[in-house]
Each structure stands twice: as C-alpha cells, then as structure tokens.
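A, B, C, D and E are the chain letters, set down in written order, and residue numbers restart from 1 in every chain.
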Amino acid sequence: QAQKTIKVGILHSLSGTMAISETTLKDTMLFLIEEQNKKGGLLGKKLEAVVVDPASNWPLFAEKARELIAQNKVAAVFGCWTSVSRKSVLPVFKELNNILFYPVQYEGEESERNVFYTGAAPNQQAIPAVDYLAKEEKVERWVLAGTDYVYPRTTNKILEAYLKSKGVKSEDIMISYTPFGHADWQTIVSDIKKFGSSGKKTAVVSTINGDANVPFYKELGNQGIKATDIPVVAFSVGEEELAGIDTKPLLGHLAAWNYFQSIDTPANAEFIKKWQAFKKNPKAVTNDPMEAHVIGFNMWVKAVEKAKTTDPDKVIDALPGIEAPNLTGGVSKMLPNHHITKPVFIGEIKENGQFDVVWKTDGLVAGDAWSKELDGSKDLVADWVEKKCGNFNTKTGKCGGA
Amino acid sequence: MTTSLPVTTALLYLNGVSVVFDGFRALNNLSLAIGRAEMRAIIGPNGAGKTTMMDVITGKTRPSEGDAIFAGRHDLTRLDEASIAQLGIGRKFQTPTVFEMHTVEDNIRLSLKADRRTLPTLFARKTAAERERIDALLERVRLKDQRRRPASELSHGQKQWLEIGMLLAQEPQLLLVDEPAAGMTDQETADTADLLREIAETRAVVVVEHDMTFVRDLGVKVTCLHEGSVLAEGPLDQVSADERVVEVYLGR
Amino acid sequence: MTSDRVFNRTTIVFLAIVLAAALLVPASNLLLPPGSPLHVPDYMMPLLGKYLCYALLAVSVDLIWGYAGILSLGHGAFFALGGYAMGMYLMRQIGTRGVYANPVLPDFMVFLNWKELPWYWWGFDHFPFAALMVVLAPGLLAFVFGWLAFRSRVTGVYLSIITQAMTYALLLAFFRNDMGFGGNNGLTDFKDILGFPVQAPGTRAALFAASALALALGLLACRAIVTSKLGKVLVAIRDAESRTRFIGYRVEHYKLFVWVVSAVLAGIAGALYVPQVGIINPSEFAPANSIETVIWVAVGGRGTLVGAALGALTVNAGKTWFTGVLPELWLFALGALFVVVTLFLPKGILGTFLEAWGFRRKRPAPEIIDEDGVASKPAAAE
Amino acid sequence: MVPRPEYPVRPVALLIAFVLGVLLLAPAVARADAYTDALARFAADSFSETEAAIDGVAASGHPLAADVVGAVREGRLMVRAADKAVFIRDPDGSFRDAGTGSPAAVQGADLKPVRLNNRVRRAVEAAMGTLTLRSPDRARRAAAAAAVFKSRDASALPALEAALAAETDPAIRRQMQEARAAILLTRPEATPDQRAEAITVLRARGDQEAVAVLRNLPADAPPAIRAMAGDAITAIENRIALLRNVQNVVYGISLGSVLLLSAIGLAVTFGVMGVINMAHGEMVMLGAYTTFVVQEVIRSHAPWLFDSSLFIALPLAFLVAGAVGVLIERSVIRFLYGRPLETLLATWGISLILQQAVRTVFGANNREVGNPGWMSGSFDLLGLTLTWNRLVIIVFALVVFAALLVSLKRTALGLQIRAVTQNRRMAGAMGIRTDWVDALTFGLGSGIAGIAGVALSQIDNVSPNLGQGYIIDSFLVVVFGGVGNLWGTLVGAMSIGIANKLLEPFAGAVLGKIILLVAIILFIQKRPRGLFALKGRFVEG
Amino acid sequence: MLNVHDISLFYGASQALRGVSLEARVGEVTCVLGRNGVGKSSLMRAIVGHRPIASGVISLDGEDVSALKPYERARRGIGYVPQGREIFPLLTVKENLETGYAPLKRRDRHVPPEVFDIFPVLKSMLHRRGGDLSGGQQQQLAIGRALTTRPRLLVLDEPTEGIQPSIIKDIGRAISYLRDRGDMAIVLVEQYFEFARDLADRFILLERGEVVMAGGPKELEGDAVRDRMAI
C-alpha cells in the first residue's frame, strides 16, 4: 500500500486520572515527530502522528490500540503508562502484530515480541537505589511504602529478597501499602517516624504512585521528617511531579531514575532548549519517561532505516542491537530481551524542584526482563534474537507459554 | 401471637394503647372495641389522635404501650403494614393517596383482592371476572369516564373517590376511613354515607369525620376522642349533648 | 405508563434490529471480502460486541431504576463480578501457556510467590461451573445486599449511596493483591474460550452473536416483567412505596426480586464483555463506571428499556468516535451531550423520539410540572 | 563525575576529639595549619572530602570555623575551579576569602558552590552542634544540644559538661542533660551511678528517641541497671501507646474536618436543595485553582504578600465558585427542579466540562500551591505532634460549619431557602422570590465548596482530578449523617474520620477503608435515613 | 380588586377552564361553588399564578397580573390557602408562619394577633414541626400563614376541610370579621354549602370548567344552586 505518510500512533491518556502523567508524553511524541520531519522524515516520507485518548480507562486502551492499528494503520505505537494499560493492549499488539514502545519504569517480569521496554526494569532503578542508601547513608532499617498494585508489590518483593540476602533482618523491614490516590498520610507518616526512631538509620523506599505523592510529601514536610533523619527514595517522583509541590521541606530526599533534567550534558541541554521552545514555556520540565520515548523513538527510526521498511516484523527483527544515544551522555542499546541499557542516577531533591545527582552507576546497566530475586523467574531469560522466546527456561531448556 | 392475649369476640380490640412522640402523648391509654359487622364513627377535635389511632391499627406507628388485637388472634402491634393489610384491614387516608402514575383503572386493579406474593403476581393474568369487578367498582365511585386517565390528573375530590374505590377493591374485613366526605358536595357526602352503611352490613367500618350531618346520616354509635383517649361514647345525640364534647369539639 | 403488551412496537423494531445484527454482522465480517462496502472490519467486532454488553447492563439498570425507582450507583459491581467469574474461567484455560508455564497457577500468582491455587479458584476450569458463578456471584451478592437493605427500608439516595459504597469497597478489595484476583492488573492474556481461541474471527463473531442474543433475551425478560402485574406493582412502589404496603404488597420482596434479576443480567453482560475486551480489572468496580451506566439510561430514556439500550449504544459509540476524532476536546462534547439531553430531551432520546413521531399516546408527565418547572410534590416527601 | 566516597571513621568522633584537643593543649599555630589543610579539602568536589573538610574546620577552633560550616549548609561556600581557592559568599553577595576572612574581589561566574548530600548535611549539623553549644543565641544552643543528643558521641562530653556548667536557661539545661545522659548511658566506662542517673533523665524525657537510647544500653551493664532501663522502656512505651491512641483520634478529627470541608458545600446543594450535584468536586477544584492563581500573581508581583495569600484566596474562591454555581443554576439546574435524578445527569456533564476546561487552561499537571509560613511545620502538645496546617484546617472547617449553620438557621434568607426547597410552589405563593433564592442557595453551596478548595489545596494535589477524589466521600458523609441535617454532616464527617484513623493502624489503609465502608452499609440498615434521621410523620408519605 | 375576565386553562390537551370570569371586591366574600373536578381549584391556581392561563386576563386593581410569577402576585397582596394545605413539613409552626414575612416591610414582620385568636392551638405548638401536625391543625396553620402576609386578596380553597366543627364556626366568624374590616377581598371555594351560603356576598357556580350560574346571596337562598351541585 503506497501511503504518503508513515503514521505513528500515540496512545496516552489525555483525560482521567493518568492524564497528569501521560499528557506530557503525548507532547513529547509530537515534538519528536516534528523534529524528525524537520530532518526530512523517514524513508523519504513524512511522519504523521495519530493521537487518541484512552481516557485512563483500561478496556478503552485496548479498543484504541485496535483502532490505531487496524483502522489508522500506524507503523508503531508509543504509549501506555500503567502496567494494567500495557497488559490490556498486549493481546491486541500480538494479534495485529504491531509494535509498542513502553516508556515507563515497571515491575519487569515480562518480555513480549511486540513490545519494547524503554523504561527501567527493577534492576535498573530499585536495586541501585537501595545499594546507594546502604552504602552511602548506612541505612539499616527499611520502610517499603507503596501503592497497592503490581509494580510496588513486585518491586518490594524483589527488594525484600535482596535486602534479606544482604543480611537485613525481617524486623528491620516495614512494608506498607495504600490505595490509589491515598490522601491522608498522617498515620503512615507517624508510623514511619516511629519505625525510624529505633536508633538504627532508617530510609523509606517509596513506590507510591501518582497523585498520592503530593500529600505524602506534604505530610512528611509538616511532620518535620527531614532527609537527614529519614531519607525517602522514590521511583515514581520526577521533575514533573515535583512541579506541583513546594519542595523546600523536601530538600535532600532522593529519587532514582535513569535521567534527570539537571544532568549537564550538551545533548540534554539542547533537548531541554528545544522542548521548552516547542512547549512555548521556558519553565517546561523534562523527565525520565520522556527520555525513554526519545531513546525509543530514535531506536525505532534507526531500525526502520536499517530495515528500509516499517513492516513490523522486519522492524522487530532489526531493533535488537540498535544503539541510540541517551541524553545523559551514554549510548543505550536495545537488548535481545527488548529492554535497553541505561545508566542509573540517584538524585537529591533541590529547593528549585530539580534533582542534584549524588551518585551514578559506572556504566550502563542492562535491563532484566526477569528478576533474579524471584523464585518463579530466576530461571527465565528473554531472547528474541537467538531463542525467539520471551520466557526461555534455562533449567528445562524450553520456551514457556504459547 | 403466642403470648396470652385478652380473649375477645370483638374484631378489633385496642387495649390501653398509648403513643408518645418526643414526650407528647398523641394517644393516651386508649381502649376501643369494634364488633364484626359494626360501623363506628369517630369524632374528636383536631389533634385528638384519630389518625394516629388508625396508624397504630395499620402498623404505621408502633404504640409505646398497649396492644391492638385483630380477630382475637393477631397482635397488630407486632406485624408490619403488609401483613396487616393481608389480614384484611384496609384504609383510606386523610389526604388522598393514590398511585399517581397509574391509570384510574390500574389503581383499582392493583388493589383488588388477590394473591399478593411476588411470583403469583408476576404470572397473574387478567381475567374476565376481574374486569367485571373493576367495571363495577368504577361505576360505583363514578370514575368510569376517567378510567384511562392517570390518577395524577384527577381533582382532589376525584382522588378521594378513587381511594374509596381502592379500599372497596381490597374487600377488607375492617375498613378504616379517614374523613371520606372532606371536599365532597353535600349530595356526594350523603351518597358516601349510603355506601358505607351498605358495606357495614357485612364488614366492620371505622369512620372518622368532622361533618356532623354525615355522621348523623350514618346513624351509628359514635366515639369522641380527646387528647388521645375516649371522651364520650354512644349515639350521636347523646354524645353531642355532652357538655365536654360541645366544649372541646362542637362549639356553640 | 407502558403499554401492557410485551411486544409493543418499539420493542419489536428494536428486537428485530438486534437479532438481524446477530446474524448479519458476523456474516458480513466472516463471509464478505474486506474490500466490500458492507464488510464489517475485524476491529469493529469486539467493539460492537462491547456495546451490546453495555446495552444489556443499561437495560438491567433501567429495570430497577425506571420501574422500581431504585437508583443503583453500584451496578458496575455486578457487571464486574460476572466479568471476574468469566475471567477466572478464561485464566484457567490458559493452562501451561502462561509466561511461567506453571500448570496450576496463573502468572500473577507465580510472580507474587503464591504456592497453591486459592480455594475460590477451584472449579473455574469447568465452563458450566464458571457459567453458574456468572449468575450466582452477582445474584448472591445482590440477594444479601438487597435483603438487608430492602428489609430495613433503605430507600432513595440512602440506597444509592450504599450501593456506591458497596462497589467502592469491592473496588478496594479487588485492588488488593492479597485477594488473589490479580490486583490492579486484573486478569488478562486470555487464550481460549470453550476450546476456541478468543481472538479468532469465528470466536469473535460467535461472541458478538451471543451478546446480541443475550441483549434480546434480557430485554424480553425485562419487558415481560414490567408489563406483568408485578411491573405495575413496581411502578406503584416507585411512586408511593408506603401506600403499596397498606394494600398488602410486601414491598421488600418485590424489590428484592427485580434487584436480583437485574444483578444477574448485569453479571451476564459482564461475562460476555470480558472475552471481547480481553481484560477485567478492578476499575470496572469504580463508582464512576456505575454512574456512567445510569447516565446511559437517562440519555436513552428512563423507564423505556429499549431506550436504555439505545442510550448505552449512543453514548459509547459517541465516546469511541470522540476519543479518536477530538482526543483533547471530547469531554466537552460528551459533557455537553448530557446537559443538552437533560434540558431538551427530558424523556431521553427514545421518549422524545416517540413523542415527536406520535408512536404512542401521550404519556403522563412524570410529575406534575407547572410553568416555572416546579413539581407539585414537596421535596421532602421523596 | 560523581564520586563514591567511603568512610572509615565516625566523623563526629574525630571532630570532637579535635575540639577537645584544641581546647586543652594545641597551640594557635597548629590550629591555623589544621584549618587551612581542612579548607583545601573542600576543593576536591567529593562528598567524603567535603565531610572531612567540615570535620577539620570545625575541629580547628579557627574563628572562621562557624562561618565556614554555616556557609556550607547554605550553599554559600564557593570554590574557584582554577586555583582551588575557597571563598565565603555572604548573604549580601559579597565574597570573603575563607582562609583569612578578608574581603575578596572575585567573579561569581568562576565559582562553584560546595555540594551537599544528606551525609554532608548531617556532618554540618553535628559540627554546628558542637560549635554552637555556647553560642549566645538561645535557639542555637537548643539546636546544638539536640544535635549532640542525636549524634550521642562520647567525645562531645567535656564540651557538653562545660556548656552545662555555664547554661542558665532551664529548658536548654534539660536538653543538655538529656544529651549527656544519652552519651553516658552507652559509654562503656560510665559508672552504674552515672547510668542510673542517665536512665532517670531519659525516662523523664519519655519519647521514642529516649527508648532508642535506652535500648542501646550495653549488654554488659549490671543487671540492676538493665532492669531499671527495662522499666523505663516499658513506662515510656506505655505512655507512647496511650499517646498514640490520642494521636489517632486527633488524626481522625483532622481527617474528619477535611471530609467535613469537602462535604459541607454538598450539604447545601444536595442536602438542602436536593440536587444530586456531581459537579460539587469541580467547585472544590475551582477553589483550589483560584488559590493557585492568587499565589502565582503574588509570587510574580507582590512576594511579600505570600503569607496572606490564603486570606486573599478565600473570598475570591468563594466568589469564583459561587459565580460558577449561580451560572449553572440559572442555565441548567433551574429547569430540573422536581426531577432530582436528572440533575445527576446534567451535573455529571457539567463536571466533565469543567474538568476538561481546567485541563485546557492550566494543563493536566499538578500545580504548585505553597503553604504559607504560619501553616507549615508542626508543634508538640503534651507529646503529640500536631501539624499546623491540620490544626488550621480543623479550626477552619468548624468555623465554616458554624457560619453556614447560623446563616441557614438564624437568618431570614436561611428560612426562605428551607421553605423553597421544601415546597417551591407554595414558597412562591408566600411571596418568596423562588428563583432568586434558588440561585443564591446553589451559589452559596458552590461558594463554600470553593472555600473548601482553598483549604484542600494545602494538603492535596491541585490538579483537574482534585474534585473527583472527594466526591464519593462527600456524598457518603452527607448521606451517612442524614440528608438535610447539617449537624449530621458534622457528626458524620467526624465519625467517619475517627473510625478510619482508629482502624488504620490495625487493618492497614486499604483494609481499614473497606471495613469502614462495610460498616457504613450495615449502619444504614439500622438507621435507614442516616445518623441524624429526620423523624416525624411527614417522612413516611 | 380582582378581576378575572374570560380565562381558559389547560392541563396538557384537556381544558379545565373555559371562559371563566369572576370579580372580587374589597369587603366582600366571593364564593366559587361546584362539584368535584369542575375546575374550582384550577381557577384558584390561575389566580395565584401556579398555572398559566391560555387566554383571558387576570387583573388586580386594574393591573394585568396574568404574566407575573406567583411571588410577584403575592407581593401585590394575594394570600393563598391551597387545597391540600401544603405546609412546609420540616419548618416549625413558627417558621411556617414566618415564611409569610417575605413580602412585608420590616416593621410588619410579626404574626397578626387575630391568627392566634382564631386558632389558639397554633400558639401552643409554635415549635412543633409543621409536618407533624394533624390534618386539621395543618389546615389551621395554612390559613394562619396566609393571613401573616397581610393579604389584600385572600384566596381560600376549601379552608374548612378536615377542621372540627367548633373551629369551622370560628373560621366563619373570622371571615366575616375580615370582610367587615373592609381592607380585604376574599375568594372562597367551598363545598360545604351552608357555610358558603352564610358568608357569600356573591358567588359563581362552575360546571365542567364553565360558569353556569352567578349572583348574590339571594340566588343562594333557594334550592336552585344546591340542586345543581347535587348532579
């Protein structure tokens, strides 16, 4: 079919609870596509963005994914934020054989042929963060606080196993789950305070999601928990979230990401400048999932150029091994397990709502699809190049499922 | 129903009933007996407790003290409204209450004596007998022309009539009629009196009314309530000659 | 208020359309070549099937709201329970094809270290059992809830709000990963239903036809109920509940009956919905979903059954269309639709249509409204 | 780029040893050398070096030590990349040479501040603690004593003793004694008497930190002392357990007042007027956004007004939300009286429109609304930690409640509102301007919701979804309390809040909420018309 | 005072009033008679503004009020006792009476003493909620409430319904008193023929929405009217 343009699907919620996070990603994609078109498009054709609104409604995600692929005939889709939205669209991508680039840090335990995971797997975020706290801050007692859904559950399972393997005792780990959008943190924050006043150095590892973070941090600040007493390291709080909080009381709390806006590299500076120009807002912030889309998009462009077609099968085969520079000075690579290599940074919150990088990994860390810390998955590997399998069991030598 | 109840031959027997609302005694140790085919007129000043008494009998209000025995066996104070209605006690309210969204005809149909359980109602079919009965009732309350109109469109007096029709349709053993003549013309009032007398030949009827002409037309024993208890009882002439009744009720 | 016949004209027309669709849509999808103008594309099949399930849900809500005056703001709970029952069956059908290839446990249990299948998952590998649960789970919940609430004479907004509390509590419960229903991610990645792959066009077509049939039958059942004498009693209850009692009807039994029937219909709708959308997760319990269902009914025309179904179809088709065409503005469009319908089509789409075309004798206004929009019933008499 | 520091030595110990040495023997020359050596380490741009530098500077006893450490804390200690020279930037923007203290003419652009992380910050705190134990400033001495208590380092003891001897302020004396007790208790060479005394002091302190110190009693302490410490721990823990119950109730009241605030406007539009107002949450949201706009304007035009931003926002939020409410009433709701269920549909539509409108205007992201100074932080009341903003919200909620109660029950307008909502037609025949009253009532309810938005912006996200988060709870509160009864709304909100907070410690946040919802469902069975049900014959037909 | 000229009124498609005219003068009682459902209440609703009229004119002191809202008419001096009482159920008796203050000047804002003279029971029940009262008590309250607005035209729709005989007599006396005071026109709908006859200075008789008879006290003396009312 000779189309004049190459269509790219953008599947991010523009309304409902997830709009807060996802709207920016839609804009990022529009920005990237515009930039690419300025460079002359792809394969000699212009790129055309197809935006739909799945409205933070999971079945609607599947419906919209189907619409993008079947009706709009997009060449690839960039989208989703929550795990459940990804789970919801998975069967659609498999059935209609298209490509999804998923830009958000997630719980891992998945590797699908049609999905490319450009966000962090737990080993690219959670474990380095805990290592940092144990080493640098001499933390001995841990509060694992999260929203009750799969990402925090899995991450905390992994962390718990990891911490215990490092000799942390059960009574030094406190786990607490809260519902989505939890707004009243008085009790939990005072529990944390109590847990942290045992004499041993205590830190909070927060997998609290979305909206609930703002009241959580506000309560921390108000109850006078300073980062020097009990630091909090978060995996879902980035520049975007901080933009809605008065950060003065949060000075010194931490976040672990693969990208921070404050990282001083030429690539990043240029990206920020162009992005702010695109948004017509000199204060517009950038964040980690945006960088993931940047990397993912560039990888897709390269793979299409390499395959000389947008045919999903060919592009899927071309993608592993593709390298694209990230914004923090390294070069990320698409791995056979469809995850990418990323650097890990720990940043401290500064008064201006930005992060001050206090630590980073030496090189880039390869994302694990399957966690080594979990019983069910330690024998699994994903390899779409050699084994053509997302869950190859090294013990039995068989590919699971299907 | 197993507790020891006073033995009585009366159809309805109120025994020392008191109703207290936040300290206000609407009924005060009221006792009253109605025979099986008796008609009784109840009069008494506004707020004497006439409607409250009917509320007690029909299960709308639980008395603070005393009991209400029906047919010598049933303690009405322990039953709910539906059970009481199913025992055979029907009521016309002081302000007409009908099913506004239903047609006049359906209002009657729903009131007809029939199995009130859920599934039988679901599978109930219209029968010729039922239709005849409805026709007869509509004729009686002079609403035949209005049968297909929704009850909400009726005038105040027409609703009164409809409610009387609904009461008749239930074929209760005991009819409680609260101010049937209110808002009726003199002729209609007389007509209503005839109707009630006719019914009372086989059933018990308790009528509350302030219209003395009407009460006289009924020609039955009269009970005058005052402040929740019986003030006087007997034939109308005797009661209306009672000084206290004149004082609190009839006026000079 | 409604015509006494089960098959009045609107119902006949609507049923004919639904049944024709049950036959023609799958046929056109399977038999006609993709190029043909009459071909229903593959991606439309699950979409249309989904609408039909929503339509059935709306009919079930209209049964209780339109006729018995019970405004449920928690009907999504029954829908979701039916959906979960079906989802559990579908999960069991995955067998060893899950990512961990575990023969007993669904994937989400494996990675959260569950060791054995919880007891409430037993039996779901058999379709008949699952089908029974589709009816029983929502039915039982409705029975218990309704028995308590109607016996205690909880009515009006009080009832509405506790139905909302019910679905909200279930939402929170199903979110909990400890419950063993997959937490927020819910149940996904279904493979087979009754041995047929869920994504195969044939299965899709069959599911569509089944949904259409379920809608037709559900609608008929509701018509039969509301045109019976019981239906009249329901309307009487809706208008003057206590008066109905004084005539001897046990209001609580009548309400309980339709409430359970309605919950079961919602459950069936949910069960058909899940294989077509491919996921069931706790957000189906969200109070907002239930409120939306009520809104479909209002848009279509409360107390008309067919209208409720039409409302569900209209609003959802509108949503599909708007979210694609006006991704940034569609909420304005949808919100405006709701406001316009209330202001200008007070009887909903169907009611207004019928009135305008004189299909029926004029129905009485729901309340006696006089010129400044004032009802004659005092507000407190509720 | 970023170093990975390693630490063998406890810095505070080092530092205090130094201080001691300095005080007792070291000649002035050594001091100066140690100082310049330490200063040089700031240039390394490594956290461990920085930390060592702080220790060194503090230990040097150099007169500039306190200035330098203070400058580090505030990010005012600058290093010139070219020659590794270190400068102090004073708050007025002028520079001083950190080595000599003499003014230096340097270019700001060449300089980079010494960076901090949590560990460095802790070192700064500790250093400041010891350096300022005898500061003339009372607050500084108190902070210093607290810092020593926290660091609990044996080598600070002599300095502490000296400071204690000179201290006259009883409160600070007590803090210093506690600090000394904390040190003595864990010091291996402390005598049993010293320990016994320390235990008594700590027991009197009676908080979680005291328990933590007591737990650190060395295992080789004599049994009698161990028993004494054990007793003290039990005593303190009992007290804390008791306090926690009180605390939970206080938290409950605070949660209750949030619920009350969010529900109170609904108690008017829904409770009094009978409009199933699904757009109520959006009115709250409008109030919150009004606060945001007010603060934005203040930030850019009149920063000195920031602390009074909420007082400016309150009337504005009332007006904005109230005006939108009046608009909604006049354009939509007024056609729907007598059709309460249809108001559900229309207001739902309105809520969608308002949400999207705000999203279009302000963007989908959270917006920052700051706490004014007087609302931040917390204070101690008999061992309870109460945060100011919660306290303010409790008081505020009660004030709004009282104001509404008075205006509905005691004013002519209130009577007219109630008459109109009970029988609009008859009210008209009594000469009450029904349409005017309707618009005003809806506006009032909406305005109050807007006011609630101002308060909620202090504890929650300001995002287009703000309202959605409160709508379910608000309806629950109004209905639970009994529709149409303001007192019911108050008691309903408070009981739900307190029950929630009492359940949370046992059941966890999620399960606790589920239990609460089920309890409410069951409660409604007992009282089918809410907590403060309207009684009387008119209720039943 | 009040002049109703040739009005007609519809409920949907059905016509309830056909060309009805009526005049009420200050210091007189005008009675509206007729059987059930002939349109008496509809006429009252038209006068107070609760139903719009399709044609004709309603004028008050020469001013056409047909298009005014009910509250505007109330502010021009129409007081209304509706059929069915329409008490505000949740307001106390006192508050029910006070709703009548709305059209009054501040200095008039008190309950006129004659209210408690005629209905002493209200005085003892000031703090009881209106909805709790017995039917007859509510009727008394409804009349008292209308008097509180100091009407110049008092519209009474079957005011004696459900009231005990002694108080009916009092109401009769009160109506004559108010008439004789000479600052008020009174329109009275009544089915209780003798009551109406004793008070009426003029009357109209409705049948199927039309005026079939009109006149003064003399015409009421005979049986003609009575017979027509009895079918």
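Everything below uses one rule, namely that a residue touches a chain if its C-beta (ideal position, glycine included) is under 8 Å from a C-beta of that chain, and two chains touch if they have at least 3 such contacts.
Quick caveat: nothing in here was measured; it's all calculated off a predicted structure.
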Chains in simultaneous contact with subunit B and subunit D: C, E
Chain closest to the middle [Cα centroid of all protein chains]: C
Inter-centroid spacing, subunit C versus subunit B (mean Cα positions, whole Å): 44
Distance from subunit E to subunit A - Cα centre to Cα centre, in angstrom: 75
Separation of subunit A from subunit D, taking each centre as the mean of its C-alpha atoms, in whole Å: 29
Contacts with 2+ other chains: residues of subunit C: 172, 175-176, 240, 242-243, 328, 331, 366-367, 370, 372, 378, 380-381
Of all residues in subunit A, the ones touching two or more other chains: 14-15, 148, 177, 179
Touching two or more other chains - residue numbers and ranges from subunit B: 21, 60, 97, 153
Subunit B partner contacts - residues on subunit C that touch it in the complex: 1, 225, 228-230, 232-233, 235-236, 238-240, 242-251, 253-254, 257, 364, 366-368
Residue numbers on subunit B that touch subunit C, as the complex places them: 58, 60, 80-82, 85-86, 90-91, 93, 97-102, 106, 109-111, 116-118, 121-124, 150, 152-153, 166, 170
Complex interface listing, subunit E residues touching subunit D: 48-50, 69-71, 74-75, 78, 80, 82, 86, 88-91, 95, 98-103, 129-132, 145, 149
Residues of subunit A that touch subunit C when the two form their complex: 14-15, 51-55, 57-60, 62-64, 66-67, 69-71, 82-84, 87-88, 90-92, 95, 109-110, 148-150, 153-154, 157, 177, 179-180, 374-377, 380, 390-391, 393, 398, 400-402
Complex contact set, residues of subunit E against subunit B: 11, 14, 35-38, 41, 83-85, 121, 128, 132-137, 139-140, 158, 161-170, 191-193, 226, 229-231
